[in-house]
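These notes open a run of structures that come right after.
Next, two complexes with chain A in common: one pairs it with chain B, the other with chain C.
Right after this comes the complex of A and B.
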């Protein structure tokens, strides 16, 4: 009796897990298979590998200046990630380390701002950026994102685990506040930074709506904008789109595998 | 000239006064221990000396310079923290040389100093390890090494042994005493453990609620405490406190069989007093005796402690060496001499005059 109920339980657990696995893996499979087939085959629902990969790549290269686009995307993502990590971790550290009467009120206000959707900020932001003469520049893409409330919050939480005695020890050793941040806090919180790197890099790499609004000329286009442009053609070439999608997925995937161990450690808490 | 002087030092956090006016002079090469229950302000006082907390009012002198507004790194102090506070990303070698690096000391000189400190502390084989690869005792020694290389005038220790297990704590205690002799510098040491205080200190500073209760050598505090708090805090097991009533020419233990201790107290007859007797002052040839009922007995081999009460009252701790056959339920005659007894007034202050030897 217990044997049967155990089997039933396992059956349920494994079917749920299998379904979840299928749902997460299938898009990747579909993306890779699609890249090897023609647009017509994809529309028909062909799920096996075809022989059209090279032709798809060739057509993508004809339509898109891939090197340029990748350079734009990578430059924006790297600059955005570095600046966001620096500014937001500095803010998170400051919020946790420095006592002030209005600290919690300011922090609560920031958290409240998280609930304002980007769509509501889009237009005023664009007006601000263009009145500063920054429309159609990379600076305009990066600037609004570097003080990320979510990342500030994440760093503040992580800083709670940073021992105050380390800061005291560094003060006695003669370090100024900025040196403590740079030479003690940052290296000690390495895994927190690793986890944040993955999150921020992914956010800036995948960023679509704001670059779409603020970047207007073709030489400024990023990979997400290019993929979107490919889909809006009169007869979209799905094979080409899927090749571009694979290329767009690769950098974040590589970054994740490189930082995976640190990412997990960062999610669990940093200083040990 | 004193090495360190606190005069009228106060600290408040908002409306709350944590340190309520401390005056203290510390002599060169003294080993001073701040001791007191948690929340008494001992760590805050140490952090104020280190410069990690601001001094709300009063003056701090190290040597002959006023240090209130001087940066921690320029006060001539080094501190060892309870959690060791080693930089997790640096090797033992770099941890120890960190302060020197920021002071602009040449590399060769840093290497020499770190090498010297490592030799003193037996850390040479560990120099290239990271803190997480060390045991608690080793981390502790690295933290001390980091302090040594700065050649401070005053070492500050903030409960440095409380994260170690009991055996290692005893071992490190001896090492610290040896180190003090070797380095020959002033040490201020904070602990809540009165055994550490008794074994290490030249002088103990007993703190309670941000006020110094008494300063003195370990045996001074033990033999001649100023008040009930110090009497109860110093000594292990604790001193027994028995309620009593002052009478003409004697003190009556009204809750312990009306035993009378001959003593001329300078207070009015009928006033309540507290009688303090240390566990080891119960001796077989005592002239006074309490008839108690044993609740239980601890036979530790070298020592025996009997816990006994009178008529269901509070238990007294009695050092009863040699009483190996004492067990629960037995009647025990706890004998003591009037000369070993301390008296305290209703305000907890010691009553010193007029005690007549029994």
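Right after this comes the complex of A and C.
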């Protein structure tokens, strides 16, 4: 009796999990298979590998200066990630560690700002950026994102688990506040930083709307802008688009696998 | 004030530096924004090559940016009143033009004084006319046609002549016969695309607005007739429902459905399956039944070139458009053959490529037909709120397809749009 009910339970669990796996894996499979087929085959719904991969890659290289585009995207994402982590983690640390009467009010105000959609900020932000003479520069892409409220919030929550004794001990050893942050806090929060790295890198690598508005010349194009331009054809070449999509997915994928263990630990909020 | 003075400061700086390198003073550089790497971009590049051959000191750069991205960039920049980084020439789709012209009248350079726009199809010029001036050099025409599989129709006993000068009701009857004989649906339709309804309505010389710009939905007879025809198509059970552009084009290019009503630009997509050569035909659009002023000619899509008034090179830009786009007949033959682009310059149809017959379409003079229809498309005023009405119509399409009341749908469309545009 218990045997059969156990089997039924397993059957249900596994079929639900299999369905979920299929739903998450299939788009990837479709992307990879599509990159090897012609546009006509993709439209007809062919789900097996074809022999058109090289031709698709060739046509992509004809249309796009891929090296330049990748350099732009990578430069923006790396610079954006480093600066965001530095500035936002410092803010998160500060909010938790330093007491002040208006601390909670400022923090509540920040969280409230999270609900303002970017589309509403875009025009004023563009006016600010262009009157500062920064339109069509990479600085303009990175600058507005480095004080990320979400990451500040994330670091403040994680800092709650940072033992105050460590800070006290460091003070007794004669470290200044910035040295404590740099030499004690940052190494101790390694996994939090790793998780935040993945999140921020993904956000800035996939960033579309703001770079679209602020970058004007083809030399500045990022991979997301290139894919958007490829899809704009009246007869889109889906094979080429999927090759570009695979290339655009790879960096975040690699980064995730490299930092996977720390990411999980960071999400669980542990301090080592 | 401070901003102004720094600007003057940097202008002065530039002048000093510029004086130092006088050699390159006469060279000018034009930038163009447009979309579609297979259509608009190569056509513009061809035009640029022709102009720079005549004027070697001009350099023209064509940037491929998606249509929605161009709209987004223009909207933000013009709202922010920042013209830095805008190109000299931009491509805008006709039914979207009035939104920009009326919203930002000073942003675009009127071209009707410098270029003789009478040389173009009148309905294209009308789409870009605001306050008595026209702001664009018309490019591709979305002149509509009914593309059909002649082999499927022959199997049901119909000849190409049977599709000439018919009404939508007659076409539906033909569609039913084709389905009975061949098993193929006649059309495929996507609820997220109301283009067919718009094309039917324009074929009777009507759009969503009255002459003074008021919303005209409830008593709009051509719109009502178009929606009723849409409903009849579904009721006749000759429509395959599809979702998304690739499924939409896939259905007729794979031979799943027998026909598609669309703009001339669809030719390239249809000819993308060379194995179907000789099995296709093109007829004029059927007429709406019982509507005064109904014709066989309409438009679906199509766009035009605009010059920004902020451009430092606007004289060169205008001269470029005037020389090639408003004058070079031979250029139009090239983009017709290479990109399948039907231009709006009426004289272009006298060229050899337009006269040629196409074996893909059973040897018919497809392009000559399209260009003859082009001159007869009724002009309508696309107004500023076409997009709002269009999405309100889309929202009603599923219920109309299920046989819901057209009058109620018109009321719902009217309510939704009036609320939005108050």
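By our rule, the second predicted complex is superposed on the first by the 259 of 272 C-alpha atoms of A that agree within 3 Å, B and C clash if a C-alpha of one lies under 4 Å from a C-alpha of the other, contacts with A are read in each partner's own complex, and residues count from 1 in each chain.
The rule we apply is simple: a contact is a pair of C-beta atoms (placed from the backbone, for glycine too) under 8 Å apart; a residue touches a chain by one contact, two chains touch by 3 or more.
What you see is a predicted model, and the numbers here were worked out from it, not measured in a lab.
Bringing the complexes onto one copy of chain A puts chain B beside chain C with no clash. When the shared chain is aligned, no partner comes close enough to touch A:98: not chain B, not chain C.
Shared-chain residue A:43: touches chain C; no touch with chain B. In the superposed pair of complexes, A:122 makes contact with chain C only, with no contact to chain B.
By the touch criterion stated above, A:234 is placed in contact with chain C alone, chain B being left untouched. Contact with neither chain B nor chain C is seen for A:178 once the two complexes are overlaid on the shared chain.
For chain A, the partner with contacts to more residues, out of chain B and chain C, is C. With the two structures overlaid on their shared chain A, chain B and chain C come no closer than 47 Å at the level of C-alpha atoms. By the touch rule above, chain A contacts chain C in their complex via residues 39-40, 42-45, 63, 122-124, 126-127, 130-131, 135-136, 209, 212-213, 216-218, 225, 228-238. Contact residues of chain C toward chain A in the complex are 3, 35-39, 61, 63-69, 72-73, 76-77, 79-82, 84-86, 245-247, 249-250, 253-254, 265-266, 268-269, 272-273.
Of all residues in chain B, only 47, 50-52, 71-74, 77-79, 81-83, 85, 87-89, 98-99, 102-103, 132, 146, 150 touch chain A in the complex they form. Residue ranges on chain A touching chain B, taken from their complex, read 163, 165-166, 168-175, 179, 184, 187-188, 190, 271-272.
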